[in-house]
Each structure stands twice: as structure tokens, then as C-alpha cells.
Amino acid sequence: MTAMAAHELKEYEGLINRLSQVVKLSDAFPDQMSDEGLEGILHFLPSNLAGSMRAFLAPRIRDVSIEILKTYGAWLDSAFRAGEEGKKVFLIPFNFPPEVIHCFEGAWPVTSEVLSTLGVASLEGQGERYWDYAMGLGLPDSACSANMIEVGSALTAVDFKPDVIISDCLGSCDINSKTHEFLARYMDIPLLFLEKTVDNSERGINQYYLYFKTLVEEVEEFLGEKLDEERMREVIGNANRASELYWELWDLHKYSPCPVPNIFSLFLYGIRYTMWGTEDAVKAIEAMVDKCSERLKKGEYPAEMEVARAIWSYTSYYFDMAGFFNWMEEHGITHLGDGLDLFFPQVIDTTSRETMIRGLAEIARNMPMTRQMGASSMSVQWLDDIIWATRELDADCVIYCGHHSCKQTWSGASVMRSELMKRTKIPTLILQGDSWIGRMTPMSALQETIEEFVNNVVKQRRTTVRAVG
Amino acid sequence: MKCLGLDIGSLFSKAVVMEDGEVLSSAVIDTTGNVADEVDSLIDAVLSAAGITRDDLDGMGVTGRGADMVELGDVSKDDVSCIGKAVSHLVPDVSLVLDMGGQSITSILLDEEGDIMDFMRNDKCASGSGKFLEVMGGALGVKIAELDEFAGRATKKVSISSQCGVFVESEVVTHLNEGEDAAAITAGVCESVAKIVISQALKFGFQDDYTFTGGVGKLKSVTDRARQRIRGAYHEFPCDPQLAGAIGAALFAEER
Amino acid sequence: MNALQCLQSQSTDIFTEYVRDWKEKGGKVLGYACVATPVEVIEAAGILPYRIKAFGHPDTELGDAYLARFNCRFCRACLQLGLDGTYDFLDGIIETNGCDHLRGMFENWQHVKGYEFFHYLKVPHFVREDSLDYFEEELSLMRQAISKYFGVDITDEALLKAIKTYDEIQGKLKKLYALREQARPAVTGAEVMQIICTGSSLRGEDFGALLTGILEEKANASVPPYRARLMLLGSATDEIDLVREMEAQGALIATDALCFGSRSFWARAGGKGDPVRLLAERYLSHLFCPRMFTEYQERWDYILETARRANVDGAVIVYNKFCDLHGVEAVSQRMDLEKNGIPVLVLEKDYGSQADTGRIKTRVQAFLERIGG
Amino acid sequence: MYFAGIDVGSLTAQAVVINDKGIKSFKSIGVKPNPVDSAQTVIEMLLSEDRLSWNDIKFCVSTGYGREQVQARGLAQDNMSEISCHGLGAFWICPEVRTVVDIGGQDAKVIRIGANGELVDFVMNDKCAAGTGRFLEVQARTLGLALDELGVIALSSRNALELSNRCSIFCETEVLHYLQRGHSKADIAAGVNRAMAERVAALVRRVGMENEVTMSGGVAKNVAVRAELERILNIKLVRYGVDSQIVGALGAALIAKRMGG
């Protein structure tokens, strides 16, 4: 590591430490808050945080958002208390099902990308400081910013240290796997891994199941704790309930105008990647479903009319929540969810330990990115899932965020785009922005292109399609 | 009916006066610091060229990146729709428009009715943009206007292989230092722009009747090289391709 | 024309004289891109195993239409040659999940060209009993697929013969590296890269024969005076010109840890028993590639051993822009090499681009000045 | 007995003549299309000003972009990379220096030197949005300012504008865009200088920094870039007693002395 990293960087607080302070804020919020009361609080917050809070706490979703924020708060808080409660903290990527960790008495999950995202949303200077330091270590600027923010924080700042890493991107994402190999070495903590056989044949699936079982055994060994069938049943029971709610929410997306607020896409997978399998998660998603049903009844929609129904084929942008989710909504552009919502939750058979492990393996195999980028053919599987979603939700356009470092999706984007047009006549907008670093392409520029696309291509299409019936 | 179309781009501002779909007059100036005043004189210029006054105008349409900087016109449209409009009006057979502007290369897909089906813009990387050519011209001591004629003098091929504008410039400087012929380097730069246009055209997965618009679309040293490699029937844009946006804006004004 | 000249004469053609003759004699050619592909299986089928290369090809406009500018330019250049017809002589392709860029390259290549024979060899990212078993099955499937499509019976005898052929090649290449790494080197880095690149377009039996000739010719040769002995390591590069340029500046690339270099053969020997299992173990266990996510220590030991053996004054880590695997690996390698007193120059460069040459020259010259060459 | 160093960059060319007592004289000119002409012109202008002839120069070393051609044409007996030369030059001027930030026309370098002025490590910009002298030159022209004004005027700015575009070519259009929207030249210039400093700071982080730190090359004259860099890295840049532009040529002359003396 450079002289720089050693003497300068350690003075800074790391991502997790700073975040745990921020999320505690949500406890300070009264459940019913007047706009004045809110502005009063925001006034005292640093600008980046205030901006995100404005997005989260827009009156139409405020009560749900507070519920969600409190859930995140509980999640991070438990990570901090894990030590004194004799629990081990697992650092997992977003595409590893946290309920597997929740099934263990002595373990708690902390999720890389969720931390980066919360950091970008709520910390002053967003994640850029950490990104800069990662670059300072000589890491490539073409690497995923979500991962680089994580590395920059972990290696150059004073921060909370997990006990073990699970790497779950072998086969579906090089940079994520490489980042965690790198992290494990420099944080000097064990690395457990789960390979996605890039093989959808029965043989490939069985092999994946074998790998998954081995991982579970390794976790049991690391914790000195055997999976307890009763505890599993309880956790998976919560997960199953959450899965049912997921599909209720999914169906609510089908109405036009869409009663599901744009930002719920983020809320949903934020919960999915952290608390899935806990009662808190069930409560949080229930609150989302209730809110949407209520909006459906009242026929509430933030804009005069719904002008576009967009599926975001991969990630969204997280460096300006208000400028992204809320802005689109207020312009009648519905965000029907993005690639990270496509995790196809299934109800797991809780008959026996065996059925539950098999069920968890199936869940893991269908997590976002794992399922698409880890398939026999990345572009084909990705395309199939997106086509399916566009039909299910009656989308009239697809938008690809073009997250700079995402080499797998970038190499499938042109096939996706042309095949989607050929088979469904649905147009794709390919943007070029970084999901976590605003500096790459500012939100204003992205908004400009989105409007151009909606006005020229989508509106046009909607009228003709409606005309045809 | 007489309408004026205004296109305030990142490098140039263009204006046309049209009567019933025919271009009466046109004018082009550099876009620099003081847009409001420039546009005024631009409008005067194009009106006097058409031999009419502002009172004779039945409408005015405005487009381009700088459109929001002038409180002018009855219609304001983004440049994609204006370019699409102009092409479907002047070259109705065309289904693929390759617009090469100051800031970006945009490919626009038109359906049988000439409505925009789809478009793709490459505006993240400077390579291939008018701005890029201007900067390279600076390094080579050639103005954009003279680029064509200068590249034509090339007797040998110098290939430019960097894909980042910043490095292309240092590549150009290196070639110059090694005593390469500036004309040959210029030709190489045009070739590199042509290649970007080719990939942009191929991105739509099919090639059909197409045309070039935008300032760079004027440069034969770029378009000829691109045409050799793009299958499908080429249709020449019947007037100065740089005016496409302004023409579209005028047509929109006419519609109202 | 002697053996080396004969290699050099065609070392940067894709469709070489040799391949042309082979095709005219009715021979089949199978393309592959990654050193994780056991060429022995292809050789045993009587087919020419051809490693896909681009030799620094500068054009990518066809590749760019499918892959993005954020994808590795080596992959875009190979795709270019695939789409512009240069690779039409291939009778089929073996895809591997070497890295995300490579997967993208193959998928787009197949999407446009639609080869009749396009087999996906899936390579695990770690070495363990269960992943070895899986890879062994993968090799059997590849063996079946080839024999089925090309209607040839790949017997164990044929496989063992092919393995023997490549063992001999390995032995000769190690002799060549000895000539290269010795105190008074007999071959330059550019020559070795040329030999290995061209060898990857030949039938094993013919490559072996050529190597014998080269070793005789080079036995008592010596290289021109140089300023410093360097080791070259990093991502897939077949840019012989890059190495030539460096050596023209007085750097002798005395050894390498490249996959168009020593990594393609070094540790692949020994073991016995069922040929397929043998190949599975040889290939998966010694890839020395950063795409193996748990083997850093093994890779590092290999690099240090190579550096010490060749007694180098410094190391150059070269990788293509947008290469995630080597981009991250380079940070660890740099720190560890310098910890061991070996100065490092990291060259993150645009593949096949002449644009960087001026800047690369400056950096290499400064590096030579730094290490007192 | 005299020794000379010639540094031909992409924007300017310098020559320095030294003797045992130190720097005798130096000269800087804008480059000619061909590096050999630039070298010839600058050195011969300098010689005639000093009433010296080629015979008085015992040894001459060339550096910079055109270093090889210059030597090939016999104007220099040897050539050295600008990286080593900047290190040596900076060290000679101020022996406490361990880190040299050199921003040339076409590239930016950060050079670490040891206790004897030897080259320890270095890094050169290899990213798309490179912070180079050329970048500032282009933006200054867009703002209608001279290079040195660009720094001075920025000091009066209270809110530097954020140049969001990472591509230095497109930055010019962004600058134009701000101008058209009536932002003050001071605020825009401040934004340009900050963007520049951020990019250089990233380079410094990559190679690691050791005090003292100096800046050479034309951009070192830009007070605002210096100030921004000091703020971002939280350091104090050491100032040279001499024109920061000649450091490379000076280094070359010192090597000439070592080789020929």
C-alpha cells in the first residue's frame, strides 16, 4: 500500500461506522410528521443526506419510508451488537440470500452493495472519498464503483470489521469476486465462496446444489453451529411470507397508472438483501403492499397521467434518489422495477432440513445477476427475464443504466436491445452513467436523455399501440 | 406560409426560413459566449437573405442544446425529433439517420410514416464528435472547414488507433514529431471518426436506406469512408446536412 | 529458411500458410481463446487446435457494434476479426468462461455468425475435489461433442499420445526458457512470444518438430547487449510489437508470466492414470490466472520463482484497460514484488493502440533509468 | 566549461546552459512543428545571447517528447526521459524535495525521488480524462484568458463551479455552456482549476507522496491549481527559486555534466 494510504487515510471514519450514525436518525422521526416538521429536521442535515431524505420522505410515501429506514437501522445496529451477543458478522454480496445467514443463531449478515448504496445516499461527499482512495491504491477506475467504495472504506479508513466474507459472484461477476478475494486478503479474514455453474442443465443445477451444501457445511464449521431445523423453519417461514408479499406487490405493478411508487423498487430489494427471513422484513413489505393497495383504491398517481412504463433492465442510479425515482414519477414515468428486483422468490417446502436447504439453494440460484449473468448464456437468460417482465407488467420501454463497470451486461446490451425490438417491438434506451458515482454523468444529463426518449419514442408508441388496441 | 427554424448547437447556431416545406434561406454562425445577441443577428441575417421581415413570419421553431437560453419561438422541440422531422420530410425513403453533431453521434430509426421508432446517442466520449475534430484540427493546424480538402491531399495512410480523444491528440502530436505528413494524419483522424459512425450504424442490427446529417455529415472525407463500409442504400440529404435540426424546427412551426 | 525464420515469416498472420495448407488437405480447425482449454483433446481428434489471437489488430468498429467501449479491446479486436471474415476458416469454436469480457465476445460472435459447432467448456473458478470432478465431466462432454460432430473416435490411446506430444513440447519450451533466462541469454522476449503465439496455430506434432530445430539453432546464439533484465507479466497480450519496442529500448524481457507465455505450459506435466482426469487436474490446478479466485498464493509463488530463476532487475505488469481481473491483481502483485525488492512498472494500456507508444516509451525508458540500467 | 540540456515538449521547448557555478542561462520558446527545429532554435538563440558557440558546450543531453530525434540529429550526445530529468532538476534546486508533480502539455507525471535525487518511483496519467497542460490551455482559450490569468482570476471566486464532465475535450463545451448562462469567468476558472487539481491529486495518491512536494512544468505557474492541490492533499508546495518551466532542461544539463564532466 502506498505511503499515502497509510498515513493520511486512516484518519477517516469508514462507511459502516458513519452509516450507523446516520440510520439512527430515523428513530428520531415521529411516525406522523408535518412537512414543516420535516423541513425543520432536514435543515440541520448535510446536503447529500437532506437530498435523499427529501426523496424518502415525500409525503405520499413518508410513513412507509420511515418503516423501511427503521428496518435498515435495526439491521446495522444488530451488526454492531453482534460482537457482544457472541455473533459472527458475515460480509455478503447482494446476490447471496441473507436468510441463509439468519438461519444461524450465531451469525448476522452485512451486505456490501447495500452499504455502498446507503453511503452514497446519506453520507456527505457520497462515496466519492472512498472511491478516490481505492483509486489511490492503484485499483482500476473501470472497476465497479459499488465495490471500490467498499474497498476504499475497508482498507483506508477506520471501520467496523466483519469476521468472514462470503463470495457469491464466481461465475456471475468477475470484479465482485475479485474485490472480495482482495478484501479477504488485506483484512485478513476467511473467505467462503459459492460458484454459480454457468450451466442451466440439470447437471449444472445439481452441481450448484452440491456447492451450496458445501458452503452451508463450511459456515456451520466456521460458527461451530449446526443448522437447527426449528430455527430454519421459523426464518424460512418469514421468508416465505415475504415471498408471497413480493408477488402481491408484483401484481399491483400491473395496474395503470401504477399504484406502486418508483422508489419502492429500491426499498424492496434493500430489504431483500438484508433482512429477508426476519419479521421486520415481513412488516416492512406489508407496509409497502398496504400503501399501494390504498393508492390503487384512491386512484392516486403523482403525475397527471402515466406517460411511460419503464423496466430498468439492470441497476438504477443511487447517487441522487430524488432526481431519479421521484423526478421520473412526477413526470409520469413509472419505474416498474429494475433487474435487481428480478429474484423470483419461491415458497420453500419446510418439511425437512433437506427440503429447506434445497429450497434455499434454489433461491440462491435465482438471485439477481446470479440467475442472469451466471446462466449458460448471459444475454439469452437476461433477455428472457426482461421479455417476461415487460409482458407481465405491460411495460412500453426498457432502460439500461449502462453502469460503467458492468462488463457482463454491457457485453450483452446490444443483443438484448436488438432482440427485444425484434420480438416485442419494445424499444430500449441505453444510458451511460455510473450507478453510484454522480461525477461520471450528472443526473441532469440523464434526465435530459430520458425525457428525449420518452417524448420521441415511447409516447409515440403508446398512442399507436393504443390505437391498434 | 413562412416559418423560421432555429437550431442553437454546442458549436454552431443555424437558422432557416421555409415556405411550404421549401428552404428559402439559411445562415450559420459560431455559438460563443453571448447567445441572445448572436441569435438576434442570426435571425436578421436569415430573414434578409429571404428578403422578408419578422412580421412576414407565421411561426418560429427552436431546437438544439442552447434552445432554453433564448425566449423565442412558438414551438420548442428536442433535436432528435427535429432531425427526424427534417429527414422524413426531405428524404422520405430513409429509415436510418446518422447525425454527426458537435457533441455527439446520434442514430435515429424512422418507421414507414417517418415517425421516430428508436434512437441511440453516443455523447459520453468525445471521439467522433465535431468538438473532437475541432480539437484535432487545432493540433494539426487545420480548420474544420478546410479539413476535407486537406485530408484529400493525403498520399499515404496513417492509422489512428486510440479511442480516447485526449490520447488521439497525443497520438497526433507523436506522429507530427516523427515527421509524418499532416494531411495523412488528418485523413487518419477522419478514418477514425468514420469507424465510430460505422459501429453506430451497425448497433441497430440492420442496415437500410440511410443518410447523414449534422455538421460532420458535411465532411466527405468522413462520410465517403463510412459509406464504403455501411451496407444499404445511401440517400444524400438534399441540402446542407448541418441545417437538418433547424429545418425540422421550422417544419414543426409550420404544423402549428 | 531456418525454423525460426519460418515461424517469424508468418507469426503475425491469422490465416497462416500452414493453416491454409492444412485446410486444403481437408484438415479441420477448432478455435479456442483461453489457456484453460485442453488442446490435447482437439489434437487427439486429428483436428488443429487454433488459439484465437488478434496480434494487436487496431480496428474494432465491428466489435464495437456489439461489445461496448468498456469491454476489453483484445476481445473487441478478436470479435472484429471474427466478424470481418478473417476467422472464417474455423470449423467451430470452443467457448470458455475465462472472464466476463471473453464470455461477451463469444456470445456476440456466436449471435452473429451462428457456428454449427460451438461448444461451451465451463471452467470452475477454484480448485477443489468437487470442482475437479465437475471439470473432468466437462472434458468428457467436450470429447463427446467433438467426436460426435466431426465423426471421429477419440480413443484413450489417441489422448495419451496427444498428452505425450504436449509433454515433449513443454520440455522443449522449458529448454527454450532456460536459453532465455540464463546469464548470457540466447533468445529475446520478442522471439519467445513469437514462437509461442505461432505454436498456438500449429498441430502439436508439427510445433514439437519446429521447436527441435529452433533449439539447435539457438543453442549457441546470444542476444544484443541490453540495459536490464525484466520480467513481463499481466493480462492476455499477443502484442509482439510491444515486447519488441521494449527490447529496442534496451530492456531484455528475460522471462514472463503471461498466458501467451510461460503460463500456457509451465506446470502442465506429470501425473498418470485416466487421461481425462489427468487433463482435468493439469489444467484446472495450474492456470495461474487471476480468474481463479482462491489461488493468489499459488500464483504469487509461481511469479516469484520465475523472477528469481531469471534473475530479473525489475518487473513490468502490463494489462489492457478495462481488465478487472488483472487490474485488481496488479495492485497485489506490485506490492508483493516490491516487498521482495523487485522494482515494478505498471502499464495499464489500450490494446493494439499505437497512441500509447510514445507514452509507453517514456515510461519504459524512465523505468530503465530508475533501476539503473 | 559548459554543459547544456534541451527539453522539447509538446507546447514549449527550453534550453539550459550550466557550468560548475550553476545555471549560466536559460531560454524558453513555443514549439515549432518539428521538434528538431524547436531544439535547434532554442539552443542557438540561447548560445548567441550568451555569446557562446557550440564548441563551448562540452556535452548536451536532450529530453522531452522529441528527445530521440534531437539526439539523432546530433544536437545532443545523449537523451534522457523527462521523468528522470524533472526529478534531478527539482532535487538540484531544492534537495529536500522527495515528490515532484510535473504537468506537461500532453501528460501529467508524479515523480518520487530519493535522498540522492535518484528516481524511486513515478506514475503517468493513463486515464481518459487526463489532467494536462493542454486541458488548461484549451479551457483558458475558451474563457478568453491567458494561461496565467486563469489562475489569478480564479482566486476571486467564492463558489467554484463543478465541471461534471470527465472528458477534457467536452469540458470545453461545458465551460462554454456556463459562460452562455452568464456565470462569472472567475467561478468557471475556479472550477477548471479544481478539476485539474483533483485529477493531479489522484495521480499523487497512486504513487504515494513524501514531503517535500514541488510542482514543475508550465502549470506550476497557475496559483489556483497550486492552492487547490495544497488544499486537497493538505500539504504546502515548495516553491522553486527559478522558473518552474526549465526544470526538465536543467535536469538534462545536470546529466550532461555528469556524463561529460
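By letter and in written order, the chains are A, B, C and D; residue numbering begins at 1 in each of them.
Operating definition for what follows: contacts are C-beta pairs under 8 Å (C-beta built on N, C-alpha and C of every residue); 3 or more make two chains touch, one makes a residue touch a chain.
Keep in mind that this is a model prediction, so the values were computed, not measured.
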Review point. Quick one: which chain's Cα centre is the longest way from chain D's?
Key: A
Check your understanding: Where are there more C-beta contacts: A-B or A-C?
Key -> A-C
Point to revise | Separation of chain A from chain B, taking each centre as the mean of its C-alpha atoms, in whole Å | key: 41
Study note, to complete from the structure: Cα centre of chain B to Cα centre of chain D, whole Å, reads 37
Practice item. With chain centres taken as the means of their Cα atoms, state the distance from chain A to chain D in Å. Key: 46
Practice item. Can you tell me which residues of chain B touch two or more of the remaining chains? Key: 124-125, 164, 167, 170, 173-174, 177, 203
Check your understanding: If you look at chain D, which of its residues touch at least two other chains?
Key -> 65, 106-107
Point to revise | For chain C, residues contacting two or more additional chains | key: 65-66, 348, 356, 358-359
Review point. Can you list the chain D residues touching chain C in their complex?
Key: 65, 80-84, 106-107, 118-122, 124, 126
Practice item. Enumerate the contact residues on chain B facing chain D in the complex. Key: 10-11, 31-35, 65-66, 69, 102-103, 124-126, 129, 131-132, 135, 141, 164-167, 169-170, 173-174, 176-179
Study note, to complete from the structure: The answer for chain C against chain A in the complex is residues 65-68, 70-72, 97, 99-101, 103-105, 107-108, 111, 120, 122, 124-126, 130-131, 134, 137, 290-291, 293-294, 296, 321-325, 327-332, 334-335, 346, 348
Practice item. Mind listing the chain C positions that touch chain B in their complex? Key: 58-62, 64-66, 69, 73, 350, 352-359
Revision key, fill the gap. Residue positions on chain A within touch of chain C in the complex are 1, 137-140, 142-143, 167, 170-171, 173-175, 177-179, 181-182, 185, 191, 193, 195, 197-199, 203-204, 207, 210-211, 214, 373, 376-379, 404-405, 407-408, 410-415
